[in-house]
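Structure first, then comments.
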Amino acid sequence: MMALQIGLLCGLVVFSLLAVLLRDILKAAISLAVASLLLGILFFRLDAPYAGAFEISVVAGLITVLFVVTIALTKAEGGVHESRAAAWIFPLFFVVFLVIDFLVMRRLIGQVASLPAPAEAGTFGQVLWKGRTFDLIAQVGVIFAGVFAVLALFRKRSKHE
Amino acid sequence: MTPQTLLIPILLPAGLAVVFFLIPSRVKLVREVLAVLGASALLYLGFVFFSVRNLSWKTPWLGRGIDFDLRLYHFSAFILLGLTGFLFLITLYSTVKMRNTPRLREYYGYVFLTAAMANGAVLSNNFVPLIFFWGGGLLTLYGLITIGGQTSHRTAVKSLMLGGFCDFSMILGIGILWAKTGTLTLSEISVKPEGVLAAAFILMMIGAIGKAGAMPFHTWIPDAAVDAPVSVMAFIPAALEKLLGIYLLARIALDFFHLEKNGAMAITLMIIGAATIVLAVFMALIQKDFKRLLSYHAVSQVGYMILGIGTAIPIGIAGGIFHMINHAMYKSGLFLSAGSVEHRTGTTDLRKLGGLSREMPLTAFGFAVCALAISGVWPLNGFVSKEMVFHGALETGYIIFAIAAWAGAVLTFASFLKAGHSVFLGPRSQDVPRVKESQGPVVLPILILAALCILFGVYNKLPLQTFITPILDGHAAPGEHLDFTSHALSVFNPVALISIGCLILALLLHIYGWRRGGKKAHLASEPVHTFPGLKQIYDLAEARIFDIYEQGIRFLRSLSLVLFKGIDRPIDAVYDKGVTAVGRAFTRLFQSAHNGHYANYLAWCLGGLLVLVGVIGWFVGF
Amino acid sequence: MNIKLIALLTVFIPVLGSLTIPLAGRISRQARSVWSVLLGAVTAALPLLLLPFALSGKQDIAVRTLILGLDFKLIIDPLSVFMSIVSSFVGFLIIVYSLGYIAHERHQDEYYLMVLLFIGSMMGLVFSANLVFMYVFWEIIGICCWRLIGFYREKDHVLKADKAFLMTFFGAAVMLLGFILIYNQTGTFDLTAMRGTLISGTAVLFILLGMFSKSTTMPLHTWLPDAGVAPTTVTALLHAAVLVKIGVYAFARLFLFTFSLPAGWRDALPIFVVVSSLVAAGAATVENDFKRILAYSTISQIGYIFLGFSVYTPDGISGSLLFILMHGLAKAGLFLCAGIVIHATHKRDIREMGGLIKTMPVTAVAFLACAFSVIGLPPFGGFFSKLLVITGTVKAGQVWVAAVALFTAVLTMFYLLKVFSKVFLGEATETAPEKTRGMVFVVALLAVLSLLSGLLVAYPMKLVETATTSIIWWNP
Amino acid sequence: MIFLFIALPLVVAGILPLIGKISPRLLPDILANAVFAALLAIALFAGPSLIGQGAGLQPFMFLGEPLGIHLALDGFSLFMLAAISLVGLCIGLFSVDYMEHYGHKAAYYALLLIMFAGMNGLVLVTDFFQIYLFLEVAAIASYALVAYGLGHEELEASFKYLMLSAVSSAFIVISVTLLFGLTGSLDFGAVSQALRGLNQPLASGVCAALFIMGFGLKAALIPFHAWLPDAHPSAPAPISAALSGLLIKVSGIYALTRIFLKVFGLTPALSNILMILGAVSMVVAAFLALGQKDIKRMLAYSSISQVGYIVLGIGLGTPLGILGGLFHLLNHALAKSLLFLNSGSIQMAAGTRNLEEMNGLSKKMPVTAATTLVGSLSIAGVPPLNGFWSKLIIVVALVQAKRFGFALAAILASVLTLWYYLIIQRRAFFNKPDEKWRDVREAPFLMTTATVVLALLCIVIGIFFTATISTWIEPARDALAGGLQVIQSSIGIQ
């Protein structure tokens, strides 16, 4: 069991690192999708079905599609140029970050008491409606923002130039 | 005679000066008449004040011890009389001599302003009004010299710079005196010149001898002789400045500081006096221009006065002061006679003049009397005052000063023989056209001065008793009876015999020089001029090496260059270049970190986070 | 009208009036000229009403409390009245002079606005008794000074204007830090409450930096000669009459009237300022640009004013106060003569000029008179101020410092006479007639005033005396 | 009533695209500006009374179900709301003319309103997760707005901005989850009580570090500032004004202040960290700004530097320090948005952002020149204007807290600030008029009114600074400082 867990985690880290470092934007988008897929699976294994479902559908699905479409659209003007110099800086910092993160989290795990099941542990619906109703409004805002962003970015270029 | 009348000798000439400035230059006659009338009124006032003798008036002026304090006492009354006398003679002389000069309106204005300033300086009994009037004279002198001609402004600046320097050192002296004694009133100050007060003495002395025109501040006088109008030379360097300068020096030596005999201060005074006598007379001897010759003599004669006062012995001081008035008379006369020669012939170059005694007998006679007086020939006033100075110098025990005085006497007589011979005696020179004697107002002052020289010499009891002796009343050692008239004219004592010997020596020197120069009087001084040792010194002097003004200006220029290049520009460079360079360096340093790579920025963020966690962890203590 | 109201009006009429000048400019050029001269005249007249009050030596406070201890407080005492009269009078003269001088330049609205704002904030600074509001007016003057120096908008002119603004802003910012240190020590910004308190050495150093940057003394002085690029009326206003007097006034108000300095400073300061004035005099002798010479001369004369104040003797203080008046008149005269000469010959280098006395007699005589007053030769006013400063220094025991100061005076005489002979005497290179009558009239007036202030020195001296006695709280 | 701040913009944003179909330009303009005006009116007039009755918790009925909406309005949030809507109104007015040639105004206004809704929401909520949510709302809207020009440069800049903000949001979420793990709840009050209860110094330390990094990046403090100099210049002028004037302050400084002063408690260690971050940003960004050629990049770096001032002030923790920091926040918001709007009108009129090509504009654009002068001098801290008073209060607070090093740094940084603003003046306006701008006309009416309003505000606040402080800033400081004493005693991180 643990081997699968660790395998998934390593896969997640590798793919997200690739997403950042890959030159070609298309491959980067795809590796980002794979990473979020692995994350979704992890959520399911930690019996957080809703989170997993959201993760796969929204991130793996919608955002990847979004990326691929924009990249395709902007392909005409050439990918986002990224000069090659000092390519080693980021990986170095990333590795150092991982090591320290590992140390800190190891100390933390011991201290953080496992969470008591939340009192009103109702179904996802009740929790969402009763306790976190306000988040819905924020969620509405996020969706609006996403939609209008797409609307604005892909508007007809007629009047622009 | 109410105390306010003391203001008249200051306000009357000042008012007249303003009037002269306002009268349009076309109206000549009215100006001349008004000038002479004004001068005569002042002369009458001089006599009236001399008879009143004691008067003082004081009003608060700037507060804090500075008040407008005028005091007439014996010495200042005597000087005032002298000043007004000379003003009268010069004004009379100028009516004719200066009639068609361009800036006549300013000339009379400045002359009367100078008179006002001089009277103010003599009368003031508080240092601030004294220095106020003392410095005022500088500006009018500057104006008068610029009237002389187009290129005369350089000499005017020279005189102003030298006068200004002496003025400022006097201010410092006054400051020290004020700080130490706490009062500015002249009559209340009398201190011993030690420590910082010695410095004050030196500074005040610089102020006095700077005004009197002694070494080393004399160098503007010979230049002014050529550039400035001759009446100005006769009025200011010859008479007025000597009177004021020596008046202050006498008061410094007598009233403010107790100058004890052979003290350090007295020695310095005597050295300056002796040096001035010898060096100036050497320069005078070789001059080719009549007026420059006279101007160097003016400088040389001051040496006698300073030497006299420097002896700090009653007879010496009395001699110095008596010599002051005598010198003012005959030097002014000599300048006026040179002026009348210039008035008629148009030139004062000894080479071009000759044999004028027949055509200008009165001027020649006046010149002769004054020349003999300045040389110290027996019955005249020059002899009497020089003898007193010689006695004083000998009594101090330092023979060197007496020898210098005698050497001066020799060369003075030699140079006047040369001047007189080349201008008046000898063959009639062809370069100069037929001339008549100068008009009355030109010749009259010369004759008056010549008469005075004779009077003060022969009947010397009058000047000594009335003018000089009362000055020393408070200062003579107790019990010593101040009477100089007894042996004034006696010839049969060692000092007089040496003096007469010197005159004979000078006569022989002149005859020898005259014969060597091929019977040309103006070459009479060539033997001395070409003397091996002296030749180089003379050439250096001609190149103005010893001129304190030239050296001073060169020093000021180099100092300013050092200050400017050494301090000012580097500070400016710090701002112009330094600060901007530092700013740009920092900017480039930080800009190098922003190369637009997204990965870099992410690295920065992670690095920042790690540092934060590290710091907090350290605080919390892992 | 009571004293407080007059003081408030003196400050706010020019400051608010200056904002209305662009409107007057919209109407017509004449309307603007008349309006600005009127404002200048009112600002010059109002302090004169305070004269009787000041002569009585009394002191009055007008206060409007705000929050955080920053209450807007005006102090009306002999010192502030004296300063306001001197600055506003010369400022008014300069406004009249500039009517002719910049008649055909662009940006005239901005010019008059900035000049009047300058004079107004100078009045504000002189009357304010709160450190922060003194700083506020100090900086407003900095802005006006920056806009005025860059008036011609040439490339290097604006560079120099920026340099001047940055140096004065740096000095002022550090000074503000000094003020805050004092606030930290005493808990208040109000001067009247802090009379006699001893302040720390660092606070003194910081405040001195601000004063030296504004009154151009040694380390922070090089922006003044560069600011010569501004129109002459501005350099006259800046250099002679108003700007350079701010630092000196602040020194008097802070280090004499209010605080006492730690021991070390009292004998270090005179030496420092004398060296600064000597260096500036040296620089003036070497320079050849007409206005740069006069700028360095100002730096040198300011050294004297600082000297008089920093020796802490009554003579020195009244000498310096008198110096402010005399130098204001004489130096403004010199600059305005320079303005007429440059305006006529369009040349700035004195070696190229010569013989102008034939075509410009009045300007030449006025220049000579003002030069004599700056040098300190007797019949002119400058003599008394220099005399008192020197005797004050000697009384404080600093004889060597006085000697150096006098040597600087000789140097001053040398370069001013050199300038006069080079520009006005000698053979005439070109015939340049004297420009507008108004400008010549102002210059002549300044020369006559310099002479009269010398002859009738007793009258200004009365006010100076009361100011000195009101300043001194320690036993001399 | 306060729920309107979020609901009104969201609802109007929703319907705008539809209205956009009917009248593409006129109606959206009016509607958007109407919303801004309404919000400003509420904040200015209704606000103070709302604070009066406590924390403003009111149950909100929605279809009969009591919705647990906890919106807290105290002095600090009201101050922020007023600032947001004030600057928002000016930006709205400016965009009416400026966005003409960008096209599809309805979408632009919609995104703008959503961004403002996000900001308003963030200011009002008292729940960690909701802070993150509204943060994301505002962020996503701003990514799109930065890229609104659709040019290559805009896209790249917005991509960089998006990626870095995504990283910072991720760290914020991690920290929120950690806190939720530790304390079992997300509400500020509850979390602060719980944190005081259990002494987990390392855990709360890590949370604090993550928060500082996350919100530091949003506030563009130095190590995390890199996105700002690229995002702002390429964004259209009103958007860079909104970003620089408001977004970095609301999503960065407001969140930091709220969390550290209300929840974690400003311990000496934290205050030192914040002050060092502030001071470093202040000085380094000032040097960076010196070397810029493009006016908007210079203004962007200047924003980083001024944010450094604000964090320095608030990080000090003394009541006077917070007062100074908040006052500077308001002044900088006004002045910086004014300058960005002006750079927009210059770009629209002269077509260039490069300082070298820009000289000689003062003749043709006098109003813009004057307002830029007011804005620059205000930020540089030159007295009669508002910037000076806030910097003065900050330096006084620093000196009173015996932090002389920081005080000196603050003074030197303000000299540097003046230096590069003089460079702008010298290059753009304070020089001889240039022939190439012959046919340049002054910016259109609405744009100039917006900038003139902001400039007048700078002057008025400068002169009547005491009134502004006592009515707006002091209630905000009391709201924060009130919480301070309570927390000061808590153990938390020493």
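Note that the chains are named A, B, C and D in the order they appear, and that numbering of residues resets to 1 at the start of each chain.
Rule of thumb we're sticking to: a contact is a pair of C-beta atoms (placed from the backbone, for glycine too) under 8 Å apart; a residue touches a chain by one contact, two chains touch by 3 or more.
What you see is a predicted model, and the numbers here were worked out from it, not measured in a lab.
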Between B-D and A-B, which chain pair is linked by more C-beta pairs in contact? B-D
Return the distance between the CA-based centres of chain A and chain C, expressed in whole Å. 68
Counting in whole Å, what is the centre-to-centre distance of chain B and chain D, each centre being its mean C-alpha position? 79
Averaged-CA centre spacing for the pair chain B and chain A, given as whole angstrom: 101
Could you give the separation in Å between the centres of chain C and chain D, each centre being the mean of its C-alpha atoms? 44
Show the residues in chain B shared as contacts by 2 or more other chains, in ascending order. 596, 598, 600, 602, 607, 609, 613, 617, 622
Each of the following residues of chain D touches two or more other chains, namely 159, 202, 206, 419
Could you say which residues in chain C touch two or more other chains, in rising order? none
Using the contact definition from the top, classify how the chains connect: line, ring, star, complete or other. other
Hey, which chains are touching each other here? A-B, A-D, B-C, B-D, C-D
Touch list for chain C against partner chain D, complex: 66-68, 70, 132, 135-140, 142-143, 150, 153-155, 158-159, 161-162, 165-166, 169-170, 173-174, 176-177, 180-181, 183-184
Per the touch rule, the chain D residues reaching chain C in their complex are 377, 382-384, 388, 392-393, 395-396, 399-400, 407-408, 411-412, 414-415, 418-419, 422-423, 426, 430-432, 466, 469-470
Per the touch rule, the chain C residues reaching chain B in their complex are 163, 167, 218-219, 221-223, 278-287, 314-315, 318, 372, 375, 377-379, 383-384, 386-387, 390-391, 393-395, 397, 399, 402-403, 406, 409-411, 413-415, 417, 421, 425-426, 457-458, 461-462, 465
Chain B residues touching chain C in their complex are 61-64, 128, 131-136, 138-139, 153-154, 157, 160-161, 164-165, 167-169, 171-172, 174-176, 178-179, 196, 199, 553, 556-557, 559-565, 567-568, 571-572, 575-576
Under the touch definition given earlier, write down the residues of chain D that touch chain A in their complex. 6-7, 10, 13-14, 17, 62, 65, 67-70, 101-104, 107-108, 110-111, 114-115, 117-118, 121, 125, 127, 129-130, 133-134, 136-137, 140-141, 143-145, 147-148, 150, 152, 155-156, 159, 178, 181-182, 184, 200, 202-203, 206
